[in-house]
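Here chain A shows up in two complexes: once beside chain B, once beside chain C.
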Partner chain A sequence: MKRLLSVFLPLCLLTTGCWDYRELDNRAVVMGMGIDKAEDGRYRISFQIANPNRVAQQAGGQSGGGGPAGSPVTTYAVTGSNITEAIRKATENVPRQIFLAHQRLEVISEAVAREGIGPLLDVMERDPQGSIHIPVLVVRGGTTAEAVLSTLPPLEEIPATKIYDQLKTHEEMSGETYAVDVTEVLRALTQKGRQPVLPGVRLIGDPAVAENMETMEHALPLAKVKLDGMAMFNRDGKLVGWMNGAAARGLAFINNKIQNTVVHLDCKGRKKEVSVEIQRVKTSIRPRWNHGKWTFHIHLTGEGNVHEVNCPLNLEDPRILDRLETQLSREVSREVREAVRAAQGAGTDVLGLGEALHRERPDLWKRWEKDWHRRFPKVKVQVSSTFVLRRTGMRFNPHQKEQ
Partner chain B sequence: MERESISPFQLFLLVMLFELGSAVVVPLGLDAKQDAWIAILLALVPAVGLIWLYSFLHRRYPNRTLIGTLQTLLGKPTGWTVGLLYVTYFMYIATRVLRDFAELLDASFFPQTPMMIETVLMVFSIAYVVSLGIDVIAKTGQIFACLYLLSLLVAVLLLLFSGAVEMESLQPVAEDWKRIFEAAFPVVYTFPFGEMIVFTMLFPYVRPKSNVMGTAIGAMVLSGLVISLVVATEIAALGANIVSRGSFPLLTTIAKVNIADFIQRVEVLALLILIVGLFFKIALFFYAALIGAAELFRRKSHQPLVLPFSIILILLSMMIAGNLPEHIQEGLKAVPWYLHLPMQTGLPVLLSIIALIRGRSRKAGV
Partner chain C sequence: MRKKRSARKGSKSLPKQLQYRDQDRLFSSLEENLSKIQQEMGHSSDLVIRRIEAGTDPKHSVALVQIEGLVDDRRADEFLTKSIMVDSAPMDVETPFYDFVKENALSMSNVQLVSRWEELFHALLDGKTLVLGEGWPEALCADTAGGDKRPVTEPALQTVIRGPRDSFTETLSTNLALVRRRIKSSKLWVQSQQVGKMTRTEVAVLHLEGIADPDTVKEVIRKIRQINIDGVLESGYLEGFIQDKTRTPFPTVYNTERPDVIAGGLLEGRVAILMDNTPVALIVPTTFFQFLTSVEEYYQRWDIATATRILRFLIFTISLMGPSIYVAFKAFHPTLIPTELMVNLMAQREGVPFPAIVEAFLMEITFEILREAGIRTPRPLSTAVTIVGAIIIGETAIRAGLVTPSMVIVVSITAIASFATPSYSLANSARLIRFGLMLSAGLFGLLGLTLALIVLVAHMNSLRSFGTPYLIPVAPFVPRDQKDLFIRMPWEALSTRPRTARPLDDQRIPEGQDPEPTRDPKEDDPS
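For the complex of A and B:
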């Protein structure tokens, strides 16, 4: 028995391998997925597949010369009733097995979003290749997701990666759009106290030339992809409206997504002459009972630094800073109010007021939950904020003097 | 009984590996929604009493396993029959955990691999360790406990640092006590805490006998806290709804780790936690069944039983359910009520009462 084991045990280690192995050159690595509406009402799904030879060539500093130049990605579009069908159907065109684990993002067209994103989500959370943690974006302005996905970017190799990095950077530096991944959408859709939002993206320029390699040869790109606003969804997962500019940032303030952003303040009657960088923003939403009805208090706190001053202000004087703080708080509150107005106008609680009520008063929420979507547009919201200015950069007073 | 021994520290680690085992990989107590972690802590309270009960029996009969105690207290024929029930019970639970293991591995990492292959490989390594006896199981446990607990700690820390955790998801705290109570009893109370019944087969091996109860309770409470922390982290990262619908929520949660686009794709931690934890859980149930059977049939060693029992284990794990939902539903709806409660709580309570009466009548007789 012992001898038998001593033969079989090592054999087990040596002869077994990975059953599910798949060589890398048999995989088509999908970087991004685009979802459009096909003419027959089904989905038209485009897969952006990295072209490994071409990407490696670029990464190597183009020193090798020679070799076939070509696009770093290939986008295949397939029509299917759902994502699973499309992935399998893609093999009609793609010589390799579709591999989703490296997918960076998913882009859906506005038409699809208006019809509802629900049907797209299941496969994303069920599939073990796991696209559940990737961000989703909505295309604005009637362009297709396919066009956005295939716009070749300057500075980066792969369009999907470019949009992903762009989204992350914009979230960090401005907050007007921020990444929302599938888990967050699912979380919002599975409860009544919050509805989902998704960042918007827009193709500027001519879609016909966007996918051309030539785009990259111009210093001024012929076509580019721009982040633009946040899409609001209702509880059925249907797109019902957009938040733009100030409202979009107000939404980020409310949802605690602001990491660092800049607010411009007026100075001595002139518009936007003082720029303040703000960070460490914390927002709390508290439902309070006063004057016979429930009011939601949205309160923001944060810190700021003076970043640019084009106006003769005596910044050595703490009282002037106090005044700027008040101005800053007022400005932020205004943006937040705009977001509240936009959300109530669209009739969808993308602010998470219901969630806040659920947290504070679970008993009341139980009664309100059922018709929250009817109550939300009429609910009273009060916004206040307290910002503290900490520093003024490398200088105190600006070089401009009072005339 | 075989002449082997484990130290209290080894017992501590084995209890931890055993308790965490499958409890940290499946959604536990999620009927209480965001309060699942409270349900786990709540279930821990009576479980401590249960261990006290087990060690009471152990103190009365310090050199007997559960099988031996049964025969002493219930008399030969009855005790023997009930002992056989316990051996079957241990085998069945080992089978269930084995099935959990193969199903989760298939669903998450090896979709093309037949479940049979994973099962056979796992049982092969378990059979090897188990045939070498409790000494070797305990030492293996010592080695793997470091790796295991470290992975779990790293996973939780990475999640906290990656900013994926939103504590607000845990609010409102203690929303509905009725719901929490229903989640805790009987499911969380019986699985994983009540499953400590398996250690009544191992207590006699612990040497020195200084504080078996303290060690067992300490390890169980600590594991309970860890499970509660892990479940709370999962809910804070994904929300109670996604966790409750997940077959392997730990994996989905760990996949969320992304620190500066640099530390990411640490799913391997979840795989490690799954394999190591379930290995020890199956091994301990299996070992308990083996030594129980050896004692019942008066064998000197359990080794000749390893091969036939392994085959039963493999085949049974394939046959107990047609698909994963069936397997899980049985585990949630039927097993806690009809198997766990009587075997973990009912019979031990009965035994303790008999032991008390006997002790008293013996004293009265003197």
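For the complex of A and C:
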């Protein structure tokens, strides 16, 4: 037995090839993927591939001529009926094997999103290389995903990385748009109590200029990519509407996505004179049987810090602070209400009210589940919030005095 | 017929000395004895024969036989020559001359009588001075052993910052004294025997009676006695003969040049083996983890010692698998590398002709060549080797695009980690295994690396060092001994000896030794 093993084990090693062996320089690292509609009705998929030499050159400032400075990325666009076909077809143009594991994000054009995002996500989950934790974005304003992806950013080298970082920072600091990754979308699509949302992105400037290296030489960018609102999808995965501004942040409040944001309050009849930073927001949704009807109570609690005061307020006075707290709660509730109105207007439960009902009354949910999309726009929603001001920053009273 | 004749011829041509060696006693004639000694030694030039006339009677002449360089000249002159020449002058006529010399004249402390040729030559070659006289039945052997020896110096291999600075020398008696000086107990027993038919090297087995496992002591002595070889020149010979398993890259006998390590081992109930002519002593039984510890951990504060110990496990891991992990990640699992780093690595790889695994082998072998050159080059040339090595590896290979800079970093860190391993013999094992792991990682990625590690651990589990499992106290798990493994507990907590050596007496520190603050006597005062 031992002798047999001693013959066969080395054979196993020596007669097989190098399993899965592939040098790094034989891989084309896809940083981002853009999905547009092709003229023939199929998908036009663009792969943004990092150009390692350029990236490293710019990052490390390697001395010695590494050839002419070129674009840190190259975007290849291929037409195919699905992503898998496109990846295989991409080899017509790309000399290396497409490597998806380091993909940073996926950008979908509005036209594709309106047709439905369902067919695009399966491969992301099924392919072992595919990353399911990358955010998906929807392009607004008629520009193609390819154009957004190709816009060379001034601060970062790789556009996909730039958009990704932008999204994450924005989520952290404002919450008006927040990243939604592939798993979250898929989860929302498979259950009926919550429909998916995706952040929107808009190209400002001329797409033709945007992809030129020259943009990077201007202090005032000729073209830039801006995050804008949240796209609402229905249960078929089709885009049905947008939430903008206050409503978008209201959505983030409801979905517990706010980490840190700033709310501006009016002061003595003047608009937005007091800025309050909000942290530790917790939102609960409770369906209640009230006057023969189901009412959804959305309640928010949180803390605020006074961040900027441009009108004479005596912040040492607890009553003033109490008033500010009430004002703050009212303002947040208003935004949340706007989100509810937008969602009900679009007729899709992106707030997760169905989910809350499912948790509270599973038996009732069983009966309601089928026609929830018809019931949702009509349900009664009540919003309330309690915010507490914790700190007033490095000083109490503003330097502006009462006149 | 022919065969018979040739056989007879063979026996005839057998050297004469072999025929009488076992049986024959000394001749009574001085001249005959002397000529036999000269003949036997092949008239070697370092054989010194001095004839001395004792007293006035010409019949009372003696001969001193010694080997130059092996004897302490001063002692031989002062106590031997002088005492025979001067003290025997007013000799009592009644007493026979032989008895007189034996009883009175020799002012040496250690005098033996030898009557057989074999013993005589052993004594002569051990550095003793033979006193032969006309008509004497025996030869007197005076212990004048001495000659040049290297003084006790600082250890060259196992250096410490805090701790004793002495290390073993090539002289067994000095080494034994260094250990004795540390353990002043009658329980420190030394059993000596000679190994090697030609070299007759003195090997001493040390143990603490009442603490060391008697079976282990017996086993060590038995194994050493069984060694049948023409000569042993270094304790590595002994190690090869007494280890439990030869076909393993791992050392199962601990070696050290530090007397404090030997003393520490003895106190834990281990058995130490010291050998003449080498500064390297052995300790058995040992475990894998002993090779990863340094004595200094017992001299330092326990928290610092613990941190160093954990660092050392990390060091060993790096020295074992540094390049293989790198190759596996780079060639098989770029998914696991952070994006920025991967893009960076990709850029480095552009234009490098060899696959990562070949690159790793190239660099590792280059490093091994440099290392070997560093050891073997004559001192005056070593700077040249360093310069050439540094320039070739550090600069030109990267400039020429033959290797990636990151590979150089990995190989360098691995090399440094290899040097930082406290035991040289384990560092050597790690070097060897490293290449195997690199191969499996290059063929099958992390999967291959994991499989190779499983095989490695299984192999280590099969090893024994004088009956002690090699991975004790991890496998088999000994909860009690965890206190001195990954962490080194404070001294008062190390109350028991490790089970490693199966000591007879477990208790090392009696109860109630926890340090407590010095008490102010006033506080106890009830008033």
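The rule is short, and it goes like this: the second predicted complex is superposed on the first by the 380 of 403 C-alpha atoms of A that agree within 3 Å, B and C clash if a C-alpha of one lies under 4 Å from a C-alpha of the other, contacts with A are read in each partner's own complex, and residues count from 1 in each chain.
By our rule, a residue touches a chain if its C-beta (ideal position, glycine included) is under 8 Å from a C-beta of that chain, and two chains touch if they have at least 3 such contacts.
Please read these numbers as outputs of a predicted model, since none were measured by experiment.
Asker: After lining both complexes up on chain A, report clash or fit for chain B versus chain C.
Answerer: Superposition check on chain A shows chain B and chain C fit without a clash.
Asker: Which angle, in steps of 10°, is spanned at chain A by chain B and chain C when each chain is reduced to its C-alpha centre?
Answerer: Once the structures are overlaid on A, chain A sees chain B and chain C at 50 degrees.
Asker: So, A:95: does it touch chain B (first), chain C (second), both, or neither?
Answerer: It touches nothing on chain B or chain C.
Asker: Check the residue A:104 against both partner chains and state whether it touches chain B (first), chain C (second), both, or neither.
Answerer: second
Asker: Should A:183 be classified as contacting the first partner (chain B), the second (chain C), both, or neither?
Answerer: First partner only.
Asker: Is A:29 contacted by the first partner chain B, the second partner chain C, both or neither?
Answerer: Second partner only.
Asker: Applying the touch criterion given at the start, work out whether A:292 contacts chain B, chain C, both or neither, answering first, second, both or neither.
Answerer: Neither: A:292 stays clear of chain B and chain C.
Asker: Can A:269 be said to touch chain B (first), chain C (second), both, or neither?
Answerer: It touches nothing on chain B or chain C.
Asker: Once chain A of both complexes is superposed, is A:20 in touch with chain B (first), chain C (second), both, or neither?
Answerer: both
Asker: Considering the aligned complexes, could you tell me the closest Cα pair distance between chain B and chain C in angstrom?
Answerer: Minimum C-alpha separation, chain B to chain C, in the superposed model is 5 Å.
Asker: Under the contact rule defined above, give the chain A residues that sit at the interface with chain B and also at the interface with chain C.
Answerer: Of chain A, residues 16, 19-20 contact chain B in one complex and chain C in the other.
Asker: If you look only at chain C, which of its residues touch chain A in the complex?
Answerer: So the residues of chain C touching chain A come out as 330-332, 334-335, 339-340, 342-350, 352, 355-357, 440, 442-445, 447-448.
Asker: With touch defined as at the start, can you tell me which chain B residues reach chain A in the complex?
Answerer: Counting only chain B, the residues touching chain A are 107-114, 117, 121, 124, 128, 168, 171-172, 175-176, 238-239, 241-242, 252, 255-256, 258, 261.
Asker: Please give the residue numbers of chain A that touch chain B in the complex, ascending.
Answerer: My answer: residues 5, 9, 12, 16, 19-20, 125, 128, 130, 132-133, 168, 183, 186-187, 190-191, 355, 358-360, 362.
Asker: Under the stated contact criterion, what part of chain A meets chain C in this complex?
Answerer: 13, 16, 18-25, 27, 29, 31, 50, 52-53, 55-57, 59-60, 99, 101-102, 104, 129, 161
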